[in-house]
Amino acid sequence: MKFVRELLRFTLIAVGILFFVLPIYASSLFAFQENDGSFTAKPLQSAAQNEELMESLFLTLQIAFGTVVLTLLLLIPTIAYLHLVIPGARAWVEFLTLTPLVIPPIVQGVGFLYSMPTSFKATPYALIFAYVILALPFSYRAIDAAFSTIDIRTLYDASRSLGARFITVIMRVLIPNIATGIFGAIFLTIALVLGEFAYASLLLWDTFPTMLAVAGLSDASTAVALSVVSLIGVWILLNALTLFNRRDRQAVPMGGR
Amino acid sequence: MSQVQLRGVRKEFGKTVALDDFNLTIPDGSLVTLLGPSGCGKTTALRIIAGLIKADRGYTFFDSTEMTDTSASARDIGMVFQAYSLFPNMTARENIEFGLRVRKEASNSIRTKSAEILEIIGLEPHQDKYPHQMSGGQQQRVALARAIVIRPKVLLLDEPLSALDAQVRDQLRDEIRRVQREFGITTLFVTHDQEEAMSISDQVGVMSKGSLLQLGTPESVYSNPVNPTVARFIGTTNQIPVQIASHKAHLFDTQYEISPASDYSPNSLKRTALVRPEEIKLNKTNNDSGNAIISAISFLGPTSTIELTMPQGLVIKATMSSKDASMYAINESVNSSVTSTSLLITDGE
Amino acid sequence: MSKKASYIGLAPLLLYMLVFLGWPLLAVFRFSFQNTAGDFTFDNFSTITQGVYRSAFILSFQLSIASALISLVAGFIFAYALVTSKYRVIKKFVSTASGVLANTGGVPLAFMFIAVLGTYGALTTWLKGFGIELYGGGWTIYSFSGLLIVYLYFQVPLMVLVSLPVLENIRTEWSEAAQSLGASSWTYWRKVLIPILTPQLLGFFLLLFANSFAAYATAAALTSGSLALVPVQIASLIGSNVQVDGANIAMALGLGMVLLVGVSTMGYAALERRSSRWRR
């Protein structure tokens, strides 16, 4: 009887894994395999030669960079302040940062379109400001968690009693510790921006996801190839995240669905 | 109620041998405790009796019925775990009634029995509370009631008191013994706490590294340990270097018989005698001619412990009634001797 | 600094959220109650409860409930099988993989599935070799059921992801205690496990529902707007030049979405908090 259970368990797990590996495998074949069975990197090559696509990728990367910088600038001081001065407010601030989750990106995008001044909407970099909001639930939690583990209050008091060593403590202990949270926030944000579609398509900007959609209409192999590559890319990013995150509970970004 | 027997049981976990050729008989209606440090195999033995683990070799018997291949749910046992075993979605009463419902007893019978056990255990006012609303002690009481109400053949307790505060532990310990006696259930109790084992058991089985070293009444295990390992594990002992010559041990200018439970090897250079603190007797000297100097006196209520420093620097402890201890003072030179006629000897370091 | 004044430190964050979240949201709210002339009206809301828009809501509803239900059951069984297995490596692997897949969506996902189940997809062709014509009966990957299958690809991992920590908190003592009391596995599931998990399972259902309802990119990329779901409708209204009051209707639709998704997410959060009292 125990054996039957083990078998059942094994089958279930195997079927599950198969269901999810199959599409990746099949689409890899679709994209990278020639009719004669050999493998080629042609789809990626043609992607690299596709000017519009490459430009959109570059744009998306820039936007990602901008989003990351703005997020860190906004959140690190705020969260540090929160932990140091008004720790009691942490609960409802965290709750507040979860509100973007409740409003679907498409609705946010529509609202954005009809509220922001035209001059603002004239630049694709306006997306940065929107993406900071979209990433907020995840980036906030990542940084907040890091601050929680170091108990900044105790650290501050302890270092004050040591006098002038405060700066050293900041450099040696504070920064390295919240570095975990910072990296987490960075990776989550980048993953989100690379996949974000709703906002970008509504505001009619040619970011990587939107251009990929267009490319797919004409060149299936390239689109699929890039899709597989981006999937693996996100996987690498998230694995890097778990490496940094030890065993903290991590928030998973939901972007671009 | 049944007699429980484990015969020739062997259990391995990967490379570790948890039990090897393990034999145990728990007489019908008695409370046997398996006592030993973590990893000695006591919990493994209990779980094999419960049917939660299957032994690699050997047999389990309830009376004359072989249970080796029977599943846990068919064994008619009651089990109390260290913690967290109450079903969180049920109240105390519902938890207690669970086993009865599984056995498809009639509703009014269930209600009567659960009411009865709730009263015996003293949990009536808490019967409609959920586990997270109760203290650790109350939860374990409920767990005990739940295991007993079904009148199992065997009651198995896996370190049920280890997670509780000291005071609660003592109360519950006596409660367990009381209830066990009242219902006459064959019981196996597993613990690493000596005091628990000694105070409630009919028999204590001292275990180490997968073997049963000694099984006997608390008194016999304490006073007649079958080897120095047992002696060292139960109670406190002094380890005093001794000389052996012509089959006698020399200590404190006296000759002693050598206990047959001794296990020193003929080639060892040093020998140690294991002497209980209450076996050390002090005699006043009127000068400095004693063989030990009192270095500390601890008043513990009815008894006191006197710490003695020997000339070579060895420190030993003697226990006596506080009345006797009051005769002595610190830095006093005294003559110490051993009251028993034979010594338990083992190899020294 | 007084207690009240110390909150000034939160000003940057709060202001930012007010401008870039609050203001757009306000616009949605405002426009949904207006017509093209700018007058106050409830017309938009009555419009969305009829005809095309009503169908859109029904379709989105059906898709979300279906994907939520299937993912709830499949994801739970899969997670349960994982947790009770002895191989820690597989659990770790699947856990991180679930994180990736739950986040996968939109464009890459759509294309991958076209590559697998599209007209010339790998699986379609392979099945043809066995004589199975997927597209024989008029089915396409761009249909409702096709989209459902694609949605499962990020829904089931999400379920696995949220289920794993919950299942790991199930004390082995509970099943062992149940066994010792004579209960069969089935009785244990029925009387202990399922009742304990029900609030959280309900919460997960709501989470999956909200996740599916709010999803836009996948449907857009896969069906190019041919499947009339609510988010798709919103996008097409915004982009259309034909519908004069398209924006207003879109806003109303959006508000409807926020209501549905919002209530679902709140429900999930509330149920999560309620069941955390059992965890210590």
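Labels for the chains are A, B and C, by order of writing; each one numbers its residues from 1.
The rule is simple: a residue touches a chain if its C-beta (ideal position, glycine included) is under 8 Å from a C-beta of that chain, and two chains touch if they have at least 3 such contacts.
On a predicted model such as this, the values are computed, not experimentally measured, just so you know.
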Determine the set of chains touching subunit B that also touch subunit C.
none
Need the most distant chain from subunit A, centre defined as the mean of C-alpha atoms.
B
Could you find the two chains linked by the most C-beta contact pairs?
A-C
Need the CA-centroid distance for the pair subunit A / subunit B, whole Å please.
57
For subunit A versus subunit C, what separation do you get between their C-alpha means, in angstrom?
18
Enumerate the residues of subunit B that touch no fewer than two other chains.
none
Enumerate the residues of subunit C that touch no fewer than two other chains.
none
Check: subunit A positions touching at least 2 other chains come out as none
Given the complex, residues on subunit C that touch subunit B span 171, 173-174, 176-184, 187, 191-192, 195-196, 277-278, 280
In the complex of these two chains, what residues of subunit A are touching subunit C?
8-10, 12-13, 16-17, 19-20, 22-24, 26-27, 29-31, 74-75, 77-78, 81-82, 85-86, 89, 93, 96-108, 110-116, 129-130, 132-133, 136, 191, 195, 197-198, 201-202, 209-210, 212-213, 216-217, 220, 223-224, 226-228, 230-231, 234-235, 238-239, 242, 249-250, 252-257
Listed in rising order, subunit B residues that touch subunit C in their complex are 50-52, 71-74, 76-79, 81, 83-90, 98-99, 102-103, 132, 143, 146-147, 150, 156
The residues of subunit C that touch subunit A in their complex are 1, 6-7, 9-10, 12-14, 16-17, 20-21, 23-28, 31, 74, 77-78, 81-82, 84-85, 90, 94, 96-97, 99-116, 121-123, 153-154, 156-158, 161, 165, 211, 213-218, 220-221, 224, 231, 234-235, 238, 247, 250-251, 254-255, 257-258, 261-262, 265-266, 269
